[in-house]
Structures are given as structure tokens and as C-alpha cells.
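What follows is a short report on a single structure.
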Amino acid sequence: MSFSISRLARQALLAAGLVGACTAAHAQDTFRIAGLVPLSGAFGILGENMRRGATIAIEERGGEVLGVPIEVVWDDTETSTQVAIQKATKAMARGVDMIFGEASSTTTLAIMKLAEQRKVPHIVTLSADDRITGADKSRYTFRTSNNVAMEVAALLAFAKNQNLEKMYIVMADYSVGRDLAKILETELPKNGIEVVGTEFVPIGTSDYAIILNKALESGADGLSLVVVGADVATSLKQGADVGLGEKMTVMGLMLMDETQGMVVGERGSVGINSTLRYHHTQDSDRNRDFVAAFVEKYGELPNQYAGEAYDGMSWWLDTVDATGVFDKEAWIDAFEGSVRDSSVEGLKVMRACDHQAEQVALFGTAVPDPSGELPIVMEIAESFEAEELFAPCE
Amino acid sequence: MTTSTAISCAGVSVFFDDFRALNKVSIDVKAGQVVALIGPNGAGKTTLLNALSGRLPQTTGRIMLGGTDISRVPVHRRAAMGLGRSFQIINIFPEMTVRENLRLGAQPHKFRFQPFWRDVSGWRDLDEKACAVAEEVELTDVLDTPAAMLSHGRQRAVELGLSLMSDPSVLLLDEPLAGVGQAEIDQTVALIERVRHGRTVLLVEHNMDVVMNISDEIIVMINGEILMRGTAAEVQADPRVREAYLGSGDRDA
Amino acid sequence: MTRFWTRDFLIALGLCVLLLAAPLVTRNESVFFLLSLIVIWSIFALAFDFCFGRGGILSFGHAAFFALGAYGYTWATMDLGLGFGAGLAMAILCGAVFAVIVGLVGQRVTGLYFALLTLMLAQLLAIIMVTRLRRFTGGDDGIAGVPRPMFGGIDFFETVNFFWLIAAILLAVVVTMHVLNRSPLGQAIAGLKQNEERARQIGFNTARLRLAVLSISGAYSGLAGALLGALLMYVSPQLLSWKVSGDVLIMALLGGTGTLAGPILGVTLFELLKEVLSSYTEYWYGILGITFILCTIFLPKGVVSLLLGRDKSR
Amino acid sequence: MAIIVVGLSIGMLIFLLAAGLTLIFGMLQVINFAHGALYMLGAYLAYSVAMLTGSFWLTLVIVPLMLLVLGLVIERVTLRPIYDADHVYQVLITFGVVLVIDEVVRFFWGLSGRQFSPAAFLVGSIDIFGTEVSRYRVFVIVVGAIVMTALLLGIEKSRIGLTVKACSVNPDMAAALGIRVERVRMMVFAAGAGLAGFAGAIAGPMLPIQLQMGNAILLDCFTVIIIGGLGNIRGAIVAAFVVGMSRAVGQQWAAEWVDVFTYSLLVLVLLLKPEGLFSKKERTA
């Protein structure tokens, strides 16, 4: 008995010692990044691409910033806020110089509280919840990608440009969804579009056929489909059966892109309109370089999660490098108000007031892939300038 | 010997869906007597014991313990009121030692209100009680042996001892000799003879020699009803009993 | 049963002492974080095992007690402004009360059906808490900023200090459980597990005993939930997920049920394995699965049986 | 009309899974938590088979066979060694199997979801009494009905069915009669796995093929086997329709309340009739 206990103790100490040795070794001679992204579960595909995009950003600068090597530890948050918080707390206990992630807004909101407490810079490149740079904004968290407000503004503008008359809303039943529905219900009529029905659907619903059927029979010519996670594929795939895309103008937030098209298939995807955070066809020098590097490393085109991750990470690292000092507060001061004229999406400005990047918003439509390799590719249908989307800082 | 009724039931029926396991059975057992229930398989003997001990709810009828109506009293309360029983299949706490088994048997009665931090093993009067009963059922030598490791006959003794721990005035014994090897039968019978003193016993048993020897009265059941009641000699002489055993043993509940 | 210092109890105490002594060896924060998780899940696994290993009641819904404890603590400290002790009391109460409700609802149901009932009740609670009680639970977002204790001028935001506190609580849990198991109530519960029918026949109110088992287990689970909330400074309805119930079941069985050392060992093994595997390989999940399968086949009485030998109750 | 078609198609899919689950429970007394994972694996395999062979029909034949074989292996390697242990350990081991299957799928197919199309004439919608319904869903209903009938006949009329019944009701007696109970158990588990594979292949063109698809449907299957009564195949049929139709009707009128309603119903069933709504025998083990 005593033999086994001592063996166990030795193992425990060994495990403890290993971690201890790692952290003691580098004080300020590496730049340590905690990459908190889902690598398994429903959002695994998002996290994996975020990791790839950020990796390109780090590699293109030779894996160094401020003259020291960058050390990234990617932690799988398993698509669970609970797990993410555990990993984040652990990462901060390890002492990191910045946190990158997460995908889900809920998780990001929880992580940013921790980052604020520990005064660690936190870069968000995907989560779009307005609270991240709104009600809950913090000195340490920046978002280099779209927020919901601008995406909704783009959606409203797009709906108006389509000359729609009647809109049906299918909304994921969670707090953000409830708020969004209210916004759409008040704003659409102002653009001359009547809302003929709103349906809240629990997240994780396995069958959307009935709900889509209700939308089809409502007499609406437009459908705002705002669902999250696996429900996107479920709803569109089942919409394909009844020719949803042909009968209504379907639009949504992050509803369709090349990755999603692979799950849904050509039939359910063609004609679906969606906001796009980023697209590999965007016309800028940096984007061409990034796409080339990405294709070379991973053998496929970067999707929006990868593109936005790359953009945020490279912008941040460039800013840090420019300060020339190893000081988190100095980096934050420098990033506030930073202007990025060479982002993959053109001009981006980091607003000092709320840490939200001002940038363009894209709206894309899925069309069959001319090369036939993928089920669909996205074609940028409309692009909205920052001035249309953002109210100036107060 | 007093003549008051220790346990009785009136018009007790137990139905399973449309099958009548017991049909309006009335019996009464005088205090201090040993009464045996016999009858072919499926006659309803165990069902009657189950109804009396509260294990099965009766569909109709009334059950009296002493002068109290216990028809609606739950099993554990009947035990507290002085009704002990043993089971046809050995029904003890196999992972516990004999001592622990017996201690547990006394616990819900005299020793109910004890602080939760009290350690059972340091509990003198409970232990004394367990030792006393162990002596009565001849288990003193194996007090600290896990019950599962005892022979069948001795597990019977544990079973009996468990029923005695609550100081019952009425004992219901369901086939106390079932599964007991030939060598241990006499021992077990002696045990029953010993524990019957000062108690009323209602017993179900198939071993006719034993039944004829120890019971004051015998009740013969068939098809959920009482066929007859009498002394050993009367039962042996009755032609209906013979017919019941040979003729209609086809009913299987 | 005769000796107070059983081998099982000694090993469990030894594990607690080892944990308490960890800060003497290392000062690494992330190690404490891992150890804190081990401590908290150990309490939870002990609570689960009190129900399953001691009382013989299988439950697939222990996450509900755990999560309600976390929320009880959060409500007490954040909404009512109460202190740490009162928060824990609230957590214990919430866990116990819901456990009693589950027990009362499932009075007529036993065995596997009761286990499924607990699963479904936990699912029902999860759905209601996410969609209908957003105001109190924060909905899918959960509630961030759950406070850690504040007393004696100690900074419990230092993981080390907090770790010491919860390790001491684990020690207290182990001792109280051991005392409880040897008490009349503990013996009655052992009787309930080994032979419910007989326990009833000798005069135990087994329905009430089952409620006692559930409420005690629920109380300890609630305590563990509160500590997790305080450690992470965050609670969410994800704590109610059936995966949480599954995890605690796996940990307790992996370690060995019906013992004190088993659940602690199970949790330690599970967390260390996860930690070590995930740092070496991307496929740690599958390897964990294979490990489970092998352990279940070759060590059916749990890892603790290696230490206790064949005679595990002594 | 659309409601009926959708409800029936959901019901049929759940039935295919729940049937295997309930059969396995009846025979082994084990709740197979790996059933959802087997279903997911079936869907991914169907994708690959469809890509390789280009034939939708072949997938419906090949995939169930592959899963059948896998079922044999799983039963032999994991469950057989611990027959005599408490059932909880067998449940635990199926948890382990879930982790392994998940990892295998992630290893071979990666994180991104997949899709494949059914045979051409099953694509699109047809008009039934004035409403448009998906052709594929009608196909699912027809195929489901065929499998259902075959299963019922197989279990209640054939020799094999009798053997299985004998083994699940009284394994010792069956063994005494010379039936090789171990082999029957293995076959039943494998048949359940094969059915799960078939369900996965059928679901492929209708639902997104992704890693978490198994978890999502497993709870529905539990619902069905609880309402129908554990081990009761007829009960599972009725319960699958009850669940399928209540999903469809619920979504038509009150989508937000579907889940609350389903779980409340379940709790009620467990309380009032734990042996299942459609079982006669009193069972509270």
C-alpha cells in the first residue's frame, strides 16, 4: 500500500515539476500566447480554422515579435464555456502575454472578464455579440472583426436592396436572438418590408422541416434565417428538399460560406445570402499573400474564420512590435486608435472608445463552383462601407 | 396459555389483475400457538404471509395485530409493532458480519434516536442485545464472519435472528427449512422450538414431518382459499387434503 | 467495521494530506489550478458515490445537484450579498432540497428507471433554467464574476490560498463521510443497499432512508458545485449537462465505488490522464476511451482495489 | 399533410435507432450509450461509400454490414468480458466506446461536416394533396415501414425471434435447452449496431453529417424506449410515432415549448408507468 502511494505521489510531483520547469525557464524571453479555441464539438471546425489563420500570421513574421520567439499554446475548449473558463484560468495562472479567442460569444464574454481581472490583452476575431465591445467592454479586450450590429445593418440594407415586400423571421431561441428579432421587427418596416411572422427555435433542434414549411406558406418573399452552430446545416439541408432557396430570398448572419456548403451540399446552398466576415477573393496585396501562404501550408483556401483570425493576429503583433517594449499596458495604448490600412479587408480602424474595429461588411451569395471542386463558392454581392454601418464614437 | 388472538385477518383477498391469489381468507391465531400453513404450490400461502406482513397490499379485507387494525400500516411500522418475519429465500445482509446483521436488526426499534456521529461499533447495549440473540440462535462462534460465507443452515439462523432483534410477539416464518441440508434440519427445528417460547408463530412449511411435530394447529390452503383447519391428526385423516395434494397441483402462480 | 482507522480511510486521508502538502513542493499556479479541480471533483465524486456506492441508488442526474449548488452559492453571494459561509450553506441547501424533490417525485421508481428519471429531471431542469429562467441563470451566457471567499485578510484570488481552503474542505468531507458511514444511519444505509426488502422488514422506513441518502448526496454535491463556481468565478447551465453526470459516474467507478479513497483516486487519475495525454497527443480523447475500457475490464473494482487488496471493506 | 410526412419521417428514423437500442436492452439489460456514435459512424461511412461507389443504393447495403461486423467486435471485445459484473460497468464501457468511435471519426474524416445525395429520383419535392413534401422523406417512411414490418415478423414469428426471446426472458433456461446464449447476445448487439448503421446511412441525405449528430438523436431514442417500455419493440414503434408527430405538431404550434413538453411527458411516464406506456408486464427492477 505504502509503495503504491509513494509511487503515485512521485508521479504527481513529476507532473507538477514538468509544468513548473517549463514556466520557470522563460521570464521575458518569449512572447506567450494562449490560443483558446474549440477544436472539438460543434464549433471544432471554427476553432481549427482560427488556429490555422493565426498560425500563418505568426509564421509570416518568422515566429518572433519584439525580438523574442512567440510561443503559442492551443487549448481545446471543447465547445463548452465551462471548459474554456477552466483552460483560460489555467493559462492565466501560467502567465501569458495575450489571449486569443474564443469562437462562441458566450465564452468570449466569460473569458474577457478573466482577462480584465488579470490585465491580459485579449483579441477577439470571431465572436460578434455587441456586449463584447458594448455593455461589457473592457480595457483589455479588442475585437478586430464584425459585431452583430453592423451585420444586422448590412442585413437590413441588403433586404432593402432586394426589393422584398414581406419577411419571415426564423430565430435561434437565445438571448442574443431575442434581441435581434426585436431589432429586425422594428427596423424592417422602416425599410418598407412587412414582417409576417417570427418563430423562435430552440438551439439544437433536429428538424426544421415544419418551421421552414410555415415560412414558405406565410406568403413572405424573404426569409431571415438566424440560427447557430449545427442548426445552420440542419435547416438549410432540410430547406433544400422543398426548394427553399428558389422560392424565397433567404438571408442570414454567417449562414453560408464554402465550408458550410460542404455540409449542406449544392442544392441547399445555391442562392443563399449571408454576411461574410472575410472572403479570400477580397482585393488587397496582403490578402493575396495570405491566401497564397495559406494554400501552400494547408492545401485549401482560407475560410472566414481563418481570414479574420489571421487579420486580427497580424494586426495585433505588428502593433506590439512597433511599441518596442515588453509592456502589456503600452501595447493596449498603442492598439487603441490604431489604423490598419493594409488589412486583408482594406482599411480597419480600432476605435479607442469601445475597442471595436471599424471596417467594411460583406454580403455574399452562394453560386455553383465553376471549377466543380466544391459544392458552392461565395460571390460577393454587396459591400457596405464602414460609414454606413457605424455610429461615430461618442 | 392465554386465549387472546395474536394476529388475525378477515376476508382478505389479493388479486393480480384478474388472477385471485387469495380469495376472502379469514384466519386467527391465538397467542402462544404455532400454526402451520400447508398446501400445494400456488395455494396462496406465501401471499397470505405477504399480506399479513404488509409486503403486498390486500385488495380487500382487514388485518388485526393484537387488538389493532394494521390493514393500512406500512411494512416497517408493522415490524416496529411486533411483527417479525423470515423469508423463503435467504434474505439477509450478505456483505455484513453476523454481528452487524443483528445490530442492524435492533437499530430501528429501541435505538432510534442516536446522534449521527455515534460510532456503531462502540455501542454497548446494542452489542449486548446482538450477542444475546446470537446466543439464542447459536451463532456466537461466527459473530464476526461475513454472513455470505456461512453455510445455508447458519444463514437461516441469521435470518431468524434478524427477525428476533425487534422483539416480535408474532413471527411469520416462510419455509424456514427451504434449502437447509438434511444434516442441519434437526438443528433448525430445534431453533424454531426454542424461539417459539413466549411468541406466536405462523409458519409455511413443506416438510410434513416437521409441520406435524411442531404445530399446534394446521391450516390447509388451496387455490387461494382455506380448505380446512385442524390438528395434525385431523388434517392427516381428511380425504380432501389428500386429494388436494395429489389432484390439483397444476395451478402455478 | 470494528476498527475506526480502516485502510480505506487511511488512504483517503493520505491523499488529502498529499494534496494539502503540494504547495510545499511547488508554487506553480497552474498546478494548483489542476489540483483545485481534482479537489472539487473529488468532493463531487464522493457525493455521487455516497448515493451509488453506499446507498445503492444509481443516478444519471447528479449534475443537477452540482449545478444548483453552484447557482445557490452565486445567488447567495451576488444577489443577496451574503458571505462565503452563508453561500456554501445556501449551496448545500439547494443541492439537498432538489435531491429531496427528485427523491419524492421518484418514490415509486427504483433501479435503472430511477436513474433514467434523474437524467430526465436534470434535462428538464436544464431546459427550464436556460430558456425560462434566464433572469436568474443568465441563460446560455451564464453568470460571470462569482466571488471567492473574503475573510481573515487572506487573498483567495491567489489560487494557492483558495486551494488550501478547498483541500481542507475535502479533508472535512472525507472525515464526516467516514463518521457518517459508521454511524447508525450509515449502517442503515448499508442495509438499504444490500437488501432493501429486508431492511424494510426489520423496521426501517426505507422510503425515508432513500430520501436521506439522496439529500446527503445532494448536499455534498451542492457544496462541490459552489466551490467550482468560486474557483472559476463563473457558473452556467452547462453544469447541468448530462456529460457532467456521466463524468462523475466514470470517475467514481474508475476509482472504485463504496470506498472513500476510490472516488478521489478516480478523479485524480482522470484529470491527470487528461492533462498529460492532451499535452502529448491530439488524440487524447480516444486514448482516454481505451483506458476506460481496459480499466473496466481488468479493474472492475476500480483502481483502489490495487491498494486495498481483495478485501475491500476492511 | 406536410406535418404528417415530416412527423412520420422523424419517427421512422428514431425508430430505426430505438429498435436496436431496445433490442439490446431486452437481451443484455444494457443501455448502450454508444448507439448514437454507431449511428454517426454509419453516416460518415455512408458518405465515403457513396463517394467511392457513386451509388446511393450500395451504401444502404454495405454500411449496415460494416456496422454489423463492428458490432460483433465491440460486443466480443468490450461487453463479453464483463457479462457477470454489475450492469453499471457495462454502461460505463459503452461510454468508453463512444470516446473511441468519436476519435476514429475525427481521425479519418476530420472536423468538417459532409453530405451526399440520394438517388436522383429521390431529390426534390412532390405534390401530395396540394402540399409539397420532400420526396426523400416519403422514401424514408416507406423504407422505415418495410424494416419495421420485417423486424416485427422476424421477432414475433421466426425461429430466430423465438430464440432471442427465450434468451432475454430466461438466459439460464435457454442455455439449459442448448441455446448458445453468448452467441445470441453477440448477434443481437451486432444487429442493433447494423440497424444504427442503416439509420445513419438513411439519415445522411436528410440531416447534416457531423460529429455531434449522434448525441443529438440519442436523447430522442431514450425518450422513445422509455415511453415504449425498455425492451419492448412494439412499444418502441408506437412511441417513435408519438415522439415524431409531437415534434412535428409541436413545431407547428409552439416550437419553444417542444423540449419542455417532451421531458415533462417522460417524467410523467417514468412516474406513473415506469414499465412504459405500452408494456403490460409489471416491471420495476
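By letter and in written order, the chains are A, B, C and D; residue numbering begins at 1 in each of them.
We take it that a contact is a pair of C-beta atoms (placed from the backbone, for glycine too) under 8 Å apart; a residue touches a chain by one contact, two chains touch by 3 or more.
Please read all numbers here as calculations on a predicted model, not as lab measurements.
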- Taking mean C-alpha coords per chain and comparing to the overall C-alpha mean, nearest is chain C
- When centres are defined as mean Cα positions, the distance from chain A to chain C in whole Å is 36
- Which whole number of Å gives the spacing of the CA centres of chain B and chain D? 48
- Task: Could you give the separation in Å between the centres of chain B and chain C, each centre being the mean of its C-alpha atoms?
- Result: 42
- Note on the structure: In whole angstrom, the CA-centroid distance of chain A from chain B equals 73
- Item | Two or more partner chains touched - positions in chain D | 106, 256, 259
- Message: Touching at least two other chains at once: which residues of chain C meet that condition?
- Response: 131, 285
- Task: Could you classify the connectivity of these chains, where an edge means two chains touch, as line, ring, star, complete or other?
- Result: other
- Item | Pairs of chains found to touch, sorted by chain label | A-C, A-D, B-C, C-D
- Of all residues in chain C, those that touch chain A in their complex: 7, 11, 14-15, 18, 22, 25-34, 37, 131, 134, 139-142, 144-145, 157, 159, 231-234, 236, 238-239, 241, 268, 272, 275-276, 278, 282, 285, 306-308
- Task: Provide the residue numbers of chain C that touch chain D in the complex, in ascending order.
- Result: 52, 58, 105-106, 108-113, 116-117, 119-121, 123-124, 127-128, 131-132, 242, 246, 249-250, 253, 283, 285-293, 296-297, 300
- Item | Residue numbers on chain D that touch chain C, as the complex places them | 31, 33, 78, 81-82, 85, 87-89, 92-93, 95-100, 102-104, 106-107, 219, 222, 226, 230, 256, 259-260, 263-264, 266-267, 270-271, 274, 284-285
- Note on the structure: Listed in rising order, the residues of chain C that touch chain B in the complex are 1-2, 4, 179-180, 182-188, 190-191, 194-195, 197-206, 313
- Note on the structure: Contacts from chain A onto chain C in the complex sit at residues 1, 4-5, 8-9, 11-13, 15-17, 19-20, 23, 39-40, 76, 80-82, 85-86, 89-91, 93-95, 106, 109-110, 113-114, 117, 173-175, 202-203
